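Both complexes below contain chain A, partnered by chain B and then by chain C.
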Partner chain A sequence: MNVRRHLFSAVVSVAVLLCLWLPLAFIVIDSLNANELLATWGGATTRWYGEAVDDESVRSGLRATLTIAGASTALSLALAVSGVLWYRRAGLRGRRAFDALTYLRIMLPEVVFAVALFLLFARLDLQLGTAAVIVGHTVSSSAYATLILRARLSVLDPALEDAAADLGASPWRVFKRVTLPGLLPGMLAAGLLAFTFSFDDVVTSLFLIGTDDAPLPVVILSKIRFRIEPEISAIAILVLVFTVALFAAAFAVVVRLARVSGRSLALPEER
Partner chain B sequence: MSAGAVRLSRVERRFGEVVAVRRLELEIPAGAFFSIIGPSGCGKTTTLRMIAGLERPDAGTIAVGGTDVTHVPAYRRPVNTVFQSYALFPHLDVAANVAFGLVEERRPRDEVRRRVAEAVELVGLGGRERARPHELSGGQQQRVALARALVKRPSVLLLDEPLGALDLQLRKRLQGELRTLQRQVGTTFVYVTHDQEEAFSMSDAVAVMHEGELQQVGAPEDVYRRPATRFVADFVGAANVFPARVQDERVAGSYALAGAGGAALEATGPAGLGAGREVVVIVRPEDVVVGNGGASATVAAAAFAGAARHVTLDAGALGLVQATVPARADPLAEGDLTTVSWPADVAWTIA
Partner chain C sequence: MKGGARALRPLLLLPTAAWVAAFFLVPLAMIVAYSFATISLITLDVSFGLSLANYRELFDPLYLSTLGRSVVLALGATAGCLVLALPLAFFISRQPPRWQRVLLVAVIVPFWSSFIVRIYAVARVIDDGGPLEDALRALSIGSGDLGLAQTRWAIGVGIVYSYLPLMVLPIYVALDRVDRSLLDAAADLGAPARRGFRRVTLPLALPGVLAGCVIVGIPALGEYVIPDVLGGGKTLMLGNVVADQFLKTGNLPFGSAVAVALLAVMAIVLIGQRLARQVVR
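On to the complex of A and B.
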């Protein structure tokens, strides 16, 4: 009985994992297939990677994506940091309202905010474009960042800030020398989340980009609308590699920070 | 005659409905090791935080070194604090923690380096400058907190239960070290603790607080021998409490009283208690003499406690009397008949 149950769950697990990962395997194969029509295996090539890198629409897409992701990350962090600092001193009512507004930005469908912002920009006679997309991404990114930083702040000992003030640090100096370093690991995690959210967003970008250079996911989408090319697979793989590298780097920094501050942040401390 | 190092006048602090500190009048002499004691919630930490500037009084004024600092923010006050949790900055090493306050003063680099080295040496942590707080033991962290505050050369050093988190042996050792250190640097220490023994052993003077009110200020022995209130009598040590009525004040501060069942008592006390007044007389257990004349009593319980024996005696009309006798004295067993007495000058009257 026991063995059977284990067998069953093992089969299901493997099946699910295959479904999740097989597509990835296919695009790796596609991206290396010399046969342009992808119907049969035409030998291995790196030609598509070359084409992807040289493609002007991909390049401008990447530029737009990095601009938007960078700006919306910075904006999200600024909003989240100032938000949670206020939250700490706020009364119960203020906190409730703040929480509700934060959770709503996560729970409401992205398309709702996208449409709302679209109409708002139209009504205010503001031009759609990169800036509009940055605002759109910040709506939900800043909510995630707020939750992460709120959690981080709650584990910081408030006596540390008292101690800094007691030792002669003005409120601004306390923030700079004690609060900010304490929040840093949380800011890193929140920033990473905001960045990757923006990096692969399609919906908000589609609605708000207007006539500016479209970010990469939108570029990819419009490309597959014409036809499936191996170049698309190559782009996807490049994005994948970039994202993994980004996370690996962030992880290395977090581990370093954990060692420096002597606290485990995400993981139990090694040693 | 210099003004006291710290002076609180009619200071009051409320948290919502709760009055944490009520109309506090307190003068702390310069250069003293001064303790504020009381049970948790008595307002002692709030008082300390108000002196530090981390808490604003709702009413009253606070002066440090003769200057009114009531509206001066914490970071501009000439006082520094050793926090109960130490509050060491986890992202900075020992030297950087100690240097923190000097950097805020914008001291030249050479001076910072020299004074940090001195302070680290002073608390016996030479060689640990590069360690992070989490790499240190509790006792070492406590020393870093001390060095970090003292390096600023404050006119008053505030200590909020700094030994509270340490084990007993280390506590005892650091108590001695703190006292020595205070004499050495000559800074006024204001020390908050709930441990009256700790306060007594270190302090020149103690203030006892209860439910936001100051009960008594005085030298440790005064507070112990001549408590001003029932609360102080109980808080600073075990006490036998006998309800009594004043019969006659023979000389100022010396009374004849009638105890329960009309037993005649003699006791010292504050001058001017009128005849007929209901009072209590307290006698410390170690002052009670067993088996040397006086009222007859039966041993109700006896326990050996290492250095001493704790004996409970039933003294008839007087009620139960606790006595602490030397461990080497003749052991008394339950039911033994004996006598109980005490010298008149150790009994103290509380209105």
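On to the complex of A and C.
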């Protein structure tokens, strides 16, 4: 490492990295601490993990989270795929409007969006609940999915589809045999990202869940508002491991994708 | 594609367009409409119109101070992120590629952990009698009674902690692109290293700094969960005022007006950033 030449920035960097990691380390230690008051180390135990897994609100929370994340991911992918297929052959003005709305969905403060959707449901006398949360998550997740798929589609060569069409394939067959396989890695990355967004989301879920079973992040939120307990730490660690794994998977797919598309981009020039 | 398929092409836009219109644009329009409506606090009936009463209520000292606090907290947290991220990003960009990757992962992985878990981790550390107080006592800085928990400082710490990687990454990318030969040239012409940093590296990293400030500042301004958990659930930031009006008080028109005010502040920030970017160029 190049430390001595940049002593000041090295010291700050080490301090900052420690500050980023230490709080998480404390939670790991809490989750294994047999001392319920967490004041001192009372020996190691897996009791809190047992309690976390047996906690009914955690179980129902996980069920709700997986249902919502699964449904909103599927919807987001459907919206994003058809959207970017349109985008590819759209005019400049259409593209600009499409892009603006995509970015706006990501940039808008979530609390504003959540209460806006809350208003819509209240006004139309629609019931809040799992379905409302799925609708809300899909608005945001589909924007993230769109960004990834748009990037993927821009490196796909339209000549391949034209060739398939010239050879007599029906439009549906061209889509199924040429476009879709080309998009698939991008769909995987976009799907993972959409899933992670939904899995992690607090604000939209909090406003729209109504009286249905709250998803896991909302359950955690209501637990941590006033207390710090080893059981919450155990739940937190389980969630953390799952989220990091999801993100790492999405990241690996994106990196892989970048490499593969880099190669296929190089092909036409070599020919 | 054949003629029939081409005619159907606009249909591809339909799902996204319908979804975004129904569940994004219409709700936002409703927020604006509600912000001009009035509510009877007895029957909770909303009557629409062009009343400015909600916006006038915004100028109540209570809400003005909340607005001010939100802006100060968002600005302060952004500045805090910047002060920490700049040396870190600089340090990373000066390492050999393998170490760069290791350090970037070290910055990103905590960010990948669940948002709510990160907030919980901060609450744990800054809690009264928590590790931070212990550490300060051990180093004999201050009396050991920090009293940080449930204050606006705690909110600032929470925002900096959870948003820091969003500041580090764009600055790192900008620094990584800086042409080293420019620095060599500065050195050859007799500029000391510190001067080379100030006159060459920093200006070239400025676009990354601006991007980072927007990426951190905008969500920080509208933050709801962090003040709710770390600030003790008082009406500390605009996001909490909006949330309270909808979830507790039930004064939807006033809550909508606060939301519109939040959007207005956000728009000002974005326009400011655009102007700043032109100046930088």
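Throughout what follows, the second predicted complex is superposed on the first by the 237 of 271 C-alpha atoms of A that agree within 3 Å, B and C clash if a C-alpha of one lies under 4 Å from a C-alpha of the other, contacts with A are read in each partner's own complex, and residues count from 1 in each chain.
Going forward, a contact is a pair of C-beta atoms (placed from the backbone, for glycine too) under 8 Å apart; a residue touches a chain by one contact, two chains touch by 3 or more.
Owing to the predicted nature of the structure, the values given are computational and were not obtained by experimental measurement.
Q: With chain A superposed, do chain B and chain C clash or fit?
A: fit
Q: Output check: A:Gly182 vs chain B and chain C. Expected answer is one of first, second, both, neither. What do you get?
A: first
Q: State whether A:Val115 touches chain B only (first), chain C only (second), both chains, or neither.
A: second
Q: Should A:His6 be classified as contacting the first partner (chain B), the second (chain C), both, or neither?
A: So A:His6 only meets chain C here.
Q: Please work out whether A:Ala159 is in contact with chain B alone, chain C alone, both, or neither, and reply first, second, both or neither.
A: After superposing on A, A:Ala159 lies in contact with chain B but is clear of chain C.
Q: Thinking of the overlay built on chain A, is A:Tyr103 touched by chain B (first), by chain C (second), by both, or by neither?
A: Neither chain B nor chain C is touched by A:Tyr103.
Q: Please tell me which partner, chain B or chain C, touches more residues of chain A.
A: With both complexes superposed on chain A, more residues of chain A are touched by C.
Q: Of the two partner chains, chain B (first) and chain C (second), which one does A:Leu22 touch, if any: first, second, both, or neither?
A: second
Q: Between chain B and chain C, whom does A:Gly168 touch in the aligned arrangement: first, second, both, or neither?
A: In the superposition, A:Gly168 contacts chain B only.
Q: In whole Å, how close do chain B and chain C get at the C-alpha level once superposed?
A: The answer for the closest chain B-chain C C-alpha pair is 5 Å.
Q: Share the list of chain A residues that count as touching for chain B in one structure and for chain C in the other.
A: Shared contact residues on chain A (touching chain B in one complex, chain C in the other): 165.
Q: Using the touch rule from the top, collect the residues of chain A that touch chain C in their complex.
A: Going through chain A, the ones touching chain C are 1-2, 5-6, 8-10, 12-13, 16-17, 19-24, 26-27, 30, 39, 78-80, 82-83, 85-86, 89-90, 98, 101, 105, 107-113, 115-120, 122-123, 135-136, 138-139, 142, 146, 161, 165, 171, 174, 199-200, 202-203, 207, 217, 220-221, 224-225, 228, 232-233, 236, 239-240, 243-244, 247-248.
Q: Give the list of chain C residues in touch with chain A in this complex.
A: 1-2, 4-5, 9-10, 12-16, 19-20, 23-24, 26-28, 30-31, 34, 84, 87-88, 90-92, 94-96, 99, 103, 106-107, 109-110, 112-125, 127, 129, 131, 161, 164, 218-219, 221-222, 224-225, 228-229, 233, 239, 242-243, 246-247, 252, 255-256, 259, 262-263, 266
Q: Could you pull out which chain B residues touch chain A in their complex?
A: On the chain B side, the touching residues are 52-54, 73-76, 79-81, 83-85, 87-91, 100-101, 104-105, 132-135, 148-149, 152.
Q: Can you list the chain A residues touching chain B in their complex?
A: 157, 159-160, 162-170, 173, 177-178, 181-182, 260-263
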